[in-house]
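What follows is a set of structures for review.
Two complexes follow with chain A in common, the first pairing it with chain B and the second with chain C.
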Partner chain A sequence: MTTTWMRWLSATMATPLRFVAFVARAAAAALRGMPAIDVALLTSRLLVRSLPIVVVVNFFCGAMLTVQAAASLQIFGAASMSGVIVGFGGVREVFPLLAGGALAARSGAEIASQLQAMRVTRQIEALAMMGLDPLALLVAPRLLACVFGAPLCVLAAMLAGLFGAQAVGTLQLGIDGGTMWAALLSGVSRFDVVVGAVRGVLLGVLVGGVATFEGFASGDNDAASVGRAAHHAVIRGMVVVCAACLLLSWLIYGRHA
Partner chain B sequence: MTSSMPAPAARSAAIELVGVTRRFSARAVLDDVNVAIAAGRTTVLLGPSGTGKSTLLRLATGLLSPDAGVVRTLGVDVFAAKKPSLLQLRRRMGMLFQDNALFGSLSVFDNIAFPLRRVARTPEADVRRRVDELLALVGLSGFGERLPDRLSGGQRKRVALARAIALEPELVLFDEPTSGLDPQTSASIDQLIRATQRRLGITFVVITHDIESAALIADDAGLLLDGKVHVFGDRATVWASTDPRVRAFLDRAPPAGAPR
Partner chain C sequence: MILPALRALGRWPLGFLVAAGHVVGFGAGAAITGLREPGGGAHALRQAVTVTTRCALPVVLVVGPIGALLALQALTLMRSFGVERQLAPLAAAVIVRELAPGFAAVVVAMQGGAAIAAELAAMRLTEELDALDVMGLDPRALVAGPRIVGAALAAPVLNGLAIVTGITGAYAMSVLGLGVPRALFLDSVGDGIAIVDVVVSEAKTVVFGAALGALCAQAGFSCERTTEGVGRAANRAVVASVVVILVLNYLLNTAIFGLRGSGA
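Coming up: the complex of A and B.
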């Protein structure tokens, strides 16, 4: 009876444990240092790839939230206050979540498929055969790039969402620009911005960790594994992002909501 | 006097496998393999596809671990070695992968320069000189700026050889260097392998199922069958073997009962 349970548990926990051990090893390699230029190039590449989609998605999300907030507040004749709802819910929850998702979809997929392609074509073994450590050389700088890039994506997402809300508020709903912006910001404190940045670092570790894990450590090297690594990085990356955001919100905002 | 004669096994072996077994999902791909590959020569390991030739090479480099037995490469017990000494050992060998494993985003020059820059930390002026030298050695002078994609299969193999010998290894491993190449290109790669080995005097280990190629480059030869080294010795001895299975492989006789 107990053995069945334990077997079930160890089977279920094997991959998560392997994942944690992998990220820990990559983080340790990152702390041992690496060429700053590699990390800078990878970070700027990540931003170039992911920022546009982060901005577009969140601009429209901010706009749509405003439309719905106005529609519901209209009932109480308080449509001009719709910015408050977007400020609270958008900046604290929805925009960071979408930033994490967009990051997983764009840069997570790219990192995973790139590493897996190197695995399939034996480039990773070629590095190992030169007496180099592929984990330190390939995984650690990509993980760091995600850790540096993700907070910027989260902050950009917050701004884009607010601008989207402002645009709908003033152009479509006819709310005064100053009133709208003040309502938006009334929902946002400096604390929220700090939490957003911290959340960004966590999302960077998770999205980068999942992407490098899927691309580097899947153990597969068949031709189809490149596509598989990419879609696992997206799907699993998004699931992990959602779970982490939910957990963080409970911990930080849950008690005085 | 006679008692101080070195035992044959003590003659310097570049790679030594003692009782090595490796399984993949319960099937023993290599089954209690014993072989000693002599230093300073070219040894060709032959065998039909799927007999574990690549597996043997990967064991010798520590990229794969055995289920039983000892692998000694350049005098180092590969699976007793700690990670730093394993990395150190790998710097003393070069490997040509079946599909070359060139870095696709780097030019030919940067591919060959990679181990010099990243491993040996060679000053940039020396890198240039050394890469030009290597390009000339493999007959690719003037191709430095190309991307690997823009080369023919034979040229890519030459780049892989140049990269593998850039750090002046003591041992170079070749995984099917002529597979997928046309007969003429294969012959030119065989010639290059032979000439390079003669010139450097280091140990080359080549695995292949290409008998013609083996006849051209081998000093020693072995035949892998059913997870065992079926025969091993100098080329003339192996080629003169009367063992029916060796003959069948070398004479390319189809297995009994095979469809015609």
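Coming up: the complex of A and C.
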């Protein structure tokens, strides 16, 4: 009985532990030195690829939340207050979460499939044969690109969500523009925005870590593994993002609740 | 100078409309012809079971924390107004109406939709789809149709699961984590949910499931015949599905609540 449990525990904990070790090794490789120009190029690529998706998704999310909140508050004749709820809940939780999801779906999948394709075509072995460190050359720049890019994505997500709420509030619900914007901003505190940026860094580490882990360290070598790596990067990235958001919010906001 | 710029500007929405038309036409055609095939209904059901089992765990892992997050943030806001007793109905209402269908659909797109797109793209790559065509069989009806119908059937089931896990997450956070009385939560949680809300929520996910099924199946069918093409098709399908789900969610909410200038 105990051995079954131990086996189950070691089987479930093996991958998370390998993941942590992998990210630590990549961070160490980054500290030992890596091509800085690659970090800049990969960060800009990540922003070019992911920011439009992040903005579109969050714009409509803000719009959707506003319609929903207004419908609920209309009973009390307080639809113009819907901005407070959207500003509060959106900036604290929903927009960063969706930004993380969009980042994983776009750039995470791309990074994972790139690295796995290099693995399949034996480019990574070739680098190692030449005495170069693929962790420093390939993994660390991509990880850092996510760490730099994700906070920008989160902040852009917040802005896009607020604009989406504003657009729906004024154009569709007919709330006065100034009232709507003031309601939105009254739900947002500077502290929340800072927390959002910190959350962005964490999401960057996790999304980038999961993507590079799935692409670099999956251990598979067949053609189908490229698609599998991308797929795992997206869904596992999303799950990890949700768990991390919960943990961070619990640590930051939990004690004041 | 201006005309080419305008032309370029106009080409984008036109291209979008054409692509959307393709997807709708493809999806509707595939679903209808697929169900007309002998054994099509059973095949669709099998696909629905596949999608459900594949997505159940991710849905639980994603929506559970989100329910807990909702309870945490709602409680920080509500305690300052002293309306803590309203927490459970509010959390239940928000989860049933918005969070469960939205995030369940996103997870289905990321997990099930990507698998559909990759599977069909691989079939395109290995010329299995062309082989069906040569044999005089319709690959749209035989391969794409059941998967689209299956996604549309699986999405509401997963939405139900998402509702249960979301409320469980909210319960865990508020009762076990933040000390809301257990009896208060359990007694009042039902007040937030009306049957209408559940029906609307389920209906929304049927639409999301059909839309993401059609998008992913179409992306798989029209993939380039290279190994990287398979990965690209799956990725494109996921991203497009997530965007479309959010846009559709907004449009459906507007249609359901019918808000036009009555809010001020």
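Throughout what follows, the second predicted complex is superposed on the first by the 255 of 257 C-alpha atoms of A that agree within 3 Å, B and C clash if a C-alpha of one lies under 4 Å from a C-alpha of the other, contacts with A are read in each partner's own complex, and residues count from 1 in each chain.
Operating definition for what follows: a contact is a pair of C-beta atoms (placed from the backbone, for glycine too) under 8 Å apart; a residue touches a chain by one contact, two chains touch by 3 or more.
What you are looking at is a predicted structure, and each value in this text was computed from that prediction instead of being measured.
Engineer: Where does A:75 make contact in the superposed view: on chain B (first), on chain C (second), on both, or on neither?
Structural biologist: A:75 sits against neither chain B nor chain C.
Engineer: Of the two partner chains, chain B (first) and chain C (second), which one does A:63 touch, if any: first, second, both, or neither?
Structural biologist: A:63 sits against chain C, while chain B stays out of touch.
Engineer: So, does A:109 touch the first partner chain B, the second partner chain C, both, or neither?
Structural biologist: second
Engineer: Give one of first, second, both or neither to describe whether A:251 is in contact with chain B, with chain C, with both, or with none.
Structural biologist: Once the two structures are laid over each other on A, A:251 reaches no partner at all.
Engineer: After lining up the shared chain so the two structures overlap, which partner does A:123 touch, if you call chain B first and chain C second: first, second, both or neither?
Structural biologist: first
Engineer: Answer with first, second, both or neither: which of chain B and chain C does A:132 touch in the superposed model?
Structural biologist: first
Engineer: Counting only touches as set out at the top, which of chain B and chain C does A:37 meet: first, second, both, neither?
Structural biologist: So A:37 meets neither chain B nor chain C here.
Engineer: Once the complexes are superposed, what residues of chain A are shared between the chain B interface and the chain C interface?
Structural biologist: None.
Engineer: Spell out the residues on chain A that touch chain C in their complex, using ranges where they run on.
Structural biologist: Per the stated touch rule, the residues are 53, 56-57, 60-61, 63-65, 67-68, 70-72, 74, 79-80, 82, 88-89, 92-93, 97-98, 101-102, 105-106, 109-110, 113, 117, 168-169, 172-176, 223-224, 226-227, 230-231, 234-235, 238-239, 242-243, 245-246, 249-250, 253-254, 256-257.
Engineer: Please output the residues of chain A touching chain B within their complex, sorted ascending.
Structural biologist: Touch residues, chain A against chain B: 121-123, 125-126, 128-133, 137.
Engineer: Give the list of chain B residues in touch with chain A in this complex.
Structural biologist: So the residues of chain B touching chain A come out as 61, 63, 87-91, 93-95, 97-99, 101-104, 114-115, 118-119, 167.
Engineer: Per the contact definition, I'd like the list of chain C residues that touch chain A in the complex.
Structural biologist: Touching chain A: residues 58, 61-62, 65-66, 68-70, 72-77, 79, 93, 97-98, 102, 106-107, 110-111, 114-115, 118, 121-122, 173, 177-178, 227-228, 230-231, 234-235, 238-239, 242-243, 246-247, 249-250, 253-254, 257, 259-264 of chain C.
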